[in-house]
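Written out below as C-alpha cells is the structure these notes cover.
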Amino acid sequence: MGVKLNVEKGRISTGINGLDELLNGGFPKGNITLISGTPGTGKTIICFQYIEEGIKNGENCLYISSDQLINDLINDANKLGFSFKSAIDSEQLKIIFLDLGRQNIHKEIEEEIKNGTYDRVVLDSLSPLTEAPIWMVNNGNEVIPSTNSMTTTTLPIESIQATRVHLRHILAILKEEKCTTLLTTEIPEGSRELSRDSVSEFLVDGIIILGLDTTMDRRKLTIRKMRGTKHTLKPMDIMITQGGIKLL
Amino acid sequence: MGVKLNVEKGRISTGINGLDELLNGGFPKGNITLISGTPGTGKTIICFQYIEEGIKNGENCLYISSDQLINDLINDANKLGFSFKSAIDSEQLKIIFLDLGRQNIHKEIEEEIKNGTYDRVVLDSLSPLTEAPIWMVNNGNEVIPSTNSMTTTTLPIESIQATRVHLRHILAILKEEKCTTLLTTEIPEGSRELSRDSVSEFLVDGIIILGLDTTMDRRKLTIRKMRGTKHTLKPMDIMITQGGIKLL
Amino acid sequence: MGVKLNVEKGRISTGINGLDELLNGGFPKGNITLISGTPGTGKTIICFQYIEEGIKNGENCLYISSDQLINDLINDANKLGFSFKSAIDSEQLKIIFLDLGRQNIHKEIEEEIKNGTYDRVVLDSLSPLTEAPIWMVNNGNEVIPSTNSMTTTTLPIESIQATRVHLRHILAILKEEKCTTLLTTEIPEGSRELSRDSVSEFLVDGIIILGLDTTMDRRKLTIRKMRGTKHTLKPMDIMITQGGIKLL
Amino acid sequence: MGVKLNVEKGRISTGINGLDELLNGGFPKGNITLISGTPGTGKTIICFQYIEEGIKNGENCLYISSDQLINDLINDANKLGFSFKSAIDSEQLKIIFLDLGRQNIHKEIEEEIKNGTYDRVVLDSLSPLTEAPIWMVNNGNEVIPSTNSMTTTTLPIESIQATRVHLRHILAILKEEKCTTLLTTEIPEGSRELSRDSVSEFLVDGIIILGLDTTMDRRKLTIRKMRGTKHTLKPMDIMITQGGIKLL
Amino acid sequence: MGVKLNVEKGRISTGINGLDELLNGGFPKGNITLISGTPGTGKTIICFQYIEEGIKNGENCLYISSDQLINDLINDANKLGFSFKSAIDSEQLKIIFLDLGRQNIHKEIEEEIKNGTYDRVVLDSLSPLTEAPIWMVNNGNEVIPSTNSMTTTTLPIESIQATRVHLRHILAILKEEKCTTLLTTEIPEGSRELSRDSVSEFLVDGIIILGLDTTMDRRKLTIRKMRGTKHTLKPMDIMITQGGIKLL
Amino acid sequence: MGVKLNVEKGRISTGINGLDELLNGGFPKGNITLISGTPGTGKTIICFQYIEEGIKNGENCLYISSDQLINDLINDANKLGFSFKSAIDSEQLKIIFLDLGRQNIHKEIEEEIKNGTYDRVVLDSLSPLTEAPIWMVNNGNEVIPSTNSMTTTTLPIESIQATRVHLRHILAILKEEKCTTLLTTEIPEGSRELSRDSVSEFLVDGIIILGLDTTMDRRKLTIRKMRGTKHTLKPMDIMITQGGIKLL
C-alpha cells in the first residue's frame, strides 16, 4: 500500500483538466458524487481519470465494476492512455468485478471497503445494485435485509423502498470509511431524470451530468450539485481525447 | 430547554433574508409548509436557516433527518456557517435520525413530538415516510395501522391510500402539538408535480418551491401556497451563500 | 334547524361575488358541481363562501371534511372572515370529519344525509373517498358493497370500477335527498385532467375549474360545465381576499 | 308500439340541425356510431335530439342509461326542451337504467333489444360496460362468459381482451336486430384518444367527436368516420341552445 | 378454384390506383405487409381493393375477419362498389369470421391456410390475435402452445413475449404457404407507434401507413417499409371514393 | 473453414461504404456494437454488408437470426445483391435460426460460439432474447439461471434485472471468444430510447443509430458511441441501394 497523502483544504483533486478550478480545488473530502449520463457520454472515462489522479497522489484506490470484466476495463483504460497494471501490482489500486447473480453483493462491497483503507472509490455503475431484490426478515420490530435465504417478506424488485434501502446501505458504509467516491448512473436517452433509480440524486453530496448534442457534434459537462461548494450551474463544453475528458 | 418566546401577530420568522416580508411577517404559527425542489436546490439549507432562527429566538427545535446521519448533518451545517453544537448541548435543539428499516418509525416521531415542547419542527425529508408499507389489522369496523406484526391485510407499498394514511398521521400529531413545521419533499427532475407522493401538497398549509435554471445559472424560490396569508405567486431570484439562501 | 327558504327560479346562489350572474342566478337546485384545482387555488375557500351564503339564507348546511379536522377548518374559516361557530351552535351548520380508516364511511355519509334535511352539502374533498377499497359480496346475481367484512371478491383498490361504484353511491344519495352539492377534487400539478379519479367529471352536473399562473401572478376561474344552464367557457380573472374569492 | 316508418335512401335522420346534410341524409340505417367527447361537450344532448327525432318519425326508441337515473334524465331533457313523458306513456320510448353492480347486465341489454323492435337505440354511456369484469368458463375448446358464478378463469378487469369481448357482444346484438345506434364514450381531458377503452373506435361504423375551446369560448363537432358515407373531416362550429345542438 | 396466374417479375398488383408504380409493380410475391392506421383511415378498404384485384386476376383469396361478421363485410364492400358474392359462390374467395372466444383460433387459421392454395390473404385485423392468452406446456426443454387446457405455465396476457409467439406463428404459416398477405393493425389516436402490439412492424416485410389531417380535410398514405423494393418515404395524398382509395 | 486474416491496426472493416473512414479503419477488434433503429431503417442490411465483408476477407462468420427463417434470410440477401450460399457451402458462414420457444436458447448460442472460431458474429435481433423469462434456482448464496426446469424463484418476465442477466451472459461469451459483433435492436417508433430493453446501450462498446425522415424522404446514420475510437456525433445522410447502405 502507498503513502496516504494529505490534500490541502480538504479537497480531492478530480483529475479532470479544468474541473478543479470550478470546484474550489476539487471534490470536498468524503463527498459522494453521482456521475450521470446517457450512453457514451464519458462516465467511465471520468472514473479512469479520477483513479489515475489518485494513483499519482499516492492514494489507495478501489474500482468496483458491475458491468465490465476486469481485463476489459484495463484494456479500455490502456487505449485511452491510462495504465493501471503497475498500480494493481503494487496494490495501490484494486479492481473488483461484481457478480450480480450473487445474493450478498452488498456484503462483498461492505467488507472490501471496511477492510481496506481507501481514499478514492469508484462504483461503475450504481444502477444494477439498486435494482437487486431484497430478501427481508420480519424480525419483531424490524424489517431487515436477510443474511440468508430464510425470509418472510420480500420487497418487490422495483419498489422505490428497496432502492432506498440499498442506497442508504452503500452510502452509509462509504461515509463511515470517509471514502471520496464517484458513482456512475445510467440515464436512458430522452429521460430528464438524473439517475435510473430517481432516488440517488437526493441522497448524494454531488451530481455531475455528462451530455451530448449530436446535431452540433458537441459534448457537455454540468455541475448540477456539490454540497459544501459554491459552483456555477452552466454547462461546460468538453472533449474526449487521449488522457480522457478535458474542459474547453 | 430554553424560554418559549411569543412571536408578534402569530407569525414565525422564516430565517430567510427577504422572505418574511413576502409572508406578512413569516409562517403563520402552527402552519405546516412543504419545501419542494429537485436535487441540489437548497431544501436542506432552508431547514438550517429555519432552525437557526428558532435557536436565535430561544425556541425549542426538532430536526428529524431521514437521509443524513446526525454528524454529517452537523458538518454540512458548519460548512455553511450554522453551528448547531451548542444548541444541541443546551438541549434547545434535538436532531433525530430515522432508521427507515424499523417498522414503527411513526411511533418514534409521534412520541418525540408529544413528549417534547417543540416550537419548530423540520422533517427532512418526508418522501421516505410516505413510501413505507403499512401493516393493517382488519378490526371489525376499522382498518387500523398495526402495532405489532400480526396483520390480516396489507395495503400495497405504493398505493395512494397508504400515502394518505401516513400523511394524515404525521400532520395530525404536528397540528395537535401546534408545531410550526417544514417538510421537505423530493421532486424528480423533469416532473411538474409538487411532491414525490402527489398528495402532500393538498394537505399542507403552505408550499414553497425551489428551482434552478442551469442555462442561465440562476436559482428561484416561489411561494406556491400559504393558508392565512396573502402572497405573491411570482418566482423570486435567490442565491446560496454563507449563511444560506437569500432573496435578491 | 332554521327555516327552509325558497329560492327564486330554482337557483341556489353561489356566494361568490360575480359568479351568480354567469350562471343565470346560481347553481340549478339539486345540481352536484365539481370544484377542481391544483393545490392552493382556493377550492376550500369556495366551499366556505357557499356555506356562508346558505347560512345567510337560513338554509341547512352540511360540511363533510375528509382532510382537515373540524377545529382547523373553523380556524381557517375565521382567518378569512367566515364565522361558523354560531351556525354550528344553532345547528344550522353541521361539520363532519371523515375518518378514512373506517371501513364504512359511505354508510356514515349516507345516514347523515338521509337523517338531516340539508339544502347545501359540501364534500371537501372527494378524492380520498374514491380511493377507498371496496369489500364486495358475490351474492348470486349481484356484487354488492359488503356491510361487514365477509367477502368473496375484492375489487382492486385503484380500479376504475371501484371508483365508479363509490361515486354512483354518493351521487345517488345526494340526488335522492335533493341536496345542492359541491365536491372538491385534487388535480396534481401538470395534469390536464379534471379530477384525480378521471371519472367524476362525467357523472356530475357541473364543473368549475380554479387555476393560477405564477409567472403572471394571476388566478382564474372557469365554468367548464353546468347542466341546465347556458354559460360562457372563458376563464375569468379572480382574486382571493378577506371574504374569499371574487371575480374581477 | 308505434308504426315503423321507412326512411328514404336507407338513411336515419340525426335530429341535429345541419348534420344530416353533411352525412348524405343522416346515419346509414343500422350503423353504430360512437359519440366521443370530454366532459360537458354535449354527448347526452345529441342523444336527446336523436331520440326526439325518432319519436317525431314514429320510430321505436330505446335509451339505455348507465349513469343517470331515469327521472333525472327526463328532467334534464325537459330543461332543454325535450319532453319524453308522452312517448314513454305511449310506449314509443323506453328508458332503462343499468345497475352496474349486477353481474349479468349484458343479458339485460341483450334481452331488451331482442324482445323489442327498436329502430333507434342509445347507450349513454358505453364506458362502464367495457370496464366490467368477465367471469369465464374454460370449457374444453371455448372460453365463454359465464352465466353463473362458477368460474375457473377470470380475465383481469382492465385487459384489452375483456373490453373486446364486451364490445363485440353488444355490437353483435345491435347489428343482428338492425338498430341504428349511438354509443357515448368518455374521453378524459387532455387525452387524444377517441374512446376511454381505445378499442370501440375501431369496431364501430361511425365516430362523431364533440370538443370545446375554452379560451375562444367555442364548441366543435367533427365527423371522424362514417362507413358508407363520403364526409368532410373538418371540425364544425356548433352551439348549445334550447332544442339542443345546432351547427353554425 | 380458379386458375393461378403468374405475375410478372414476382410482383403482386396492389389493386390501389397509383400505388403499383411506387412499388416497382406491386408487392413482392410472398411479402407480408402491415396496413397501419388510426380509426376510419381506410384500412379495410385497402383490403377490399387488394382482394378485388386478386379476383380479377383469377387468384385464390382468403379474407380473415376478426371484427366484422361475414354479411356485414359483404354489405360494406357492396356499398363501396366491390361485389364479392360471385367470387364466394365460385369459391375463388373465402371469408372467415374468427370467434375470438375460442381457444384454438390459431389452429383454425393454420389449417385453413394449409389446406387451401391461397395466393392472397388478408387478416383484418391482427390486433385481437396478438392479445390472445397463451396456454403453454412446460415440456422438458420446450415451452409450447398447448393443444388442450392442461397447462403448467401461462404467459401473462399482455406480455411482449406472448405477442411475439403469436406473431411468429402466424407469419411462419403464411411464409411457408407463400401467401402474399395484408395484415391490418389498429393505431390508437395520438400514438406514434406503427402497430398496437409494437412488435409486428419489426417482423413484417412491408408497412403502409394510412393517416388523416382533419383540419386540412386530407388523407395520406405512406410506404414506411417494403423489403425487396426501392421506394419513396414521402406521404402521398389520397382520397376515398367509389372503388376505394386512389392516390392523387 | 477459411483462413483467418489479420486486420491491420486491430480494426475490423465494417463493409459499409464511407463508414470505415469515420471509425479510424472500422470497428475495434472484439467490439460489440448495437445497431439501433425503428422499423425499415436498414438494420438487417447493415448486418448483410458486415457479413459479406467478412466473407471477402476470408473470416469465419456466424449469423444468428431470431425472427427470420434461414431461407427467407438468404432470399432477402439475394435480392439486395448478397449471395451467401457459397459461403454457407464452404462453411465459412453459418446461419442459425433461434427457436424462441425453447427454454435453453442461451445454451444454444453459447455452445455455437464456443465450438466455432468466429471472427464476425451478428445477432439479429437482440430484443427477443432479453425478453425471455429466467428460471432461477435459489442456491444458498447464489441465484443462478436454472439448467433444468426445477426452479424455486422466477424473475418476472419484464424486469430490468432479468434483462441485465441475459445481456451480461451473451456479452460475456462474445468477449471471451473475442468475436467482433453486431447486435440489432428494435426501437418502437416515437421512442427516444436507444434499444427496446433500455439497458444494452450502456453495456455495449458501440452504438450506431439508423433513422429516417419521411417528410424529407431521407435516411440517416449516426455513430452514437464507439469505445476506443474518436468519432463524430453528426448524423450522416445515407441511401439504400443494391449492395446495401452507403454514406452520401
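Letters are used for the chains, namely A, B, C, D, E and F, taken in the order the chains are written, and counting of residues starts over at 1 for each.
Please note the rule applied: a contact is a pair of C-beta atoms (placed from the backbone, for glycine too) under 8 Å apart; a residue touches a chain by one contact, two chains touch by 3 or more.
Note that the coordinates shown come from a computational prediction; the quantities given were computed from them, not determined experimentally.
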item	value
Any chain in contact with subunit B as well as subunit D	C
Between subunit A and its twin subunit B, rotation from the CA superposition, multiple of 5 degrees	60
Same-residue or different-residue interface between subunit B and subunit C, half as cut-off	different
Centroid spacing, where centroids are CA-atom means, of subunit A and subunit C in whole angstrom	51
Between subunit D and subunit E, centroid-to-centroid distance (C-alpha), Å	29
Interchain centroid distance [CA atoms averaged], subunit A/subunit D, Å	59
Multi-chain contact sites of subunit D, meaning residues that touch two or more partners	none
Cyclic chain order when read starting with subunit E and heading to subunit F	E, F, A, B, C, D
In the complex, subunit D residues that touch subunit C	38-40, 67, 69, 72, 76, 79, 100-104, 125, 127-128, 131-133, 149, 157-158, 186, 188-190, 212-215, 217-219, 240-241
In the complex with subunit E, residue positions of subunit D that touch it	28, 138, 140-144, 155-156, 159-161, 164-165, 168, 172, 175, 191-194, 198-199, 201-203, 207, 222, 224-228, 230, 232-235
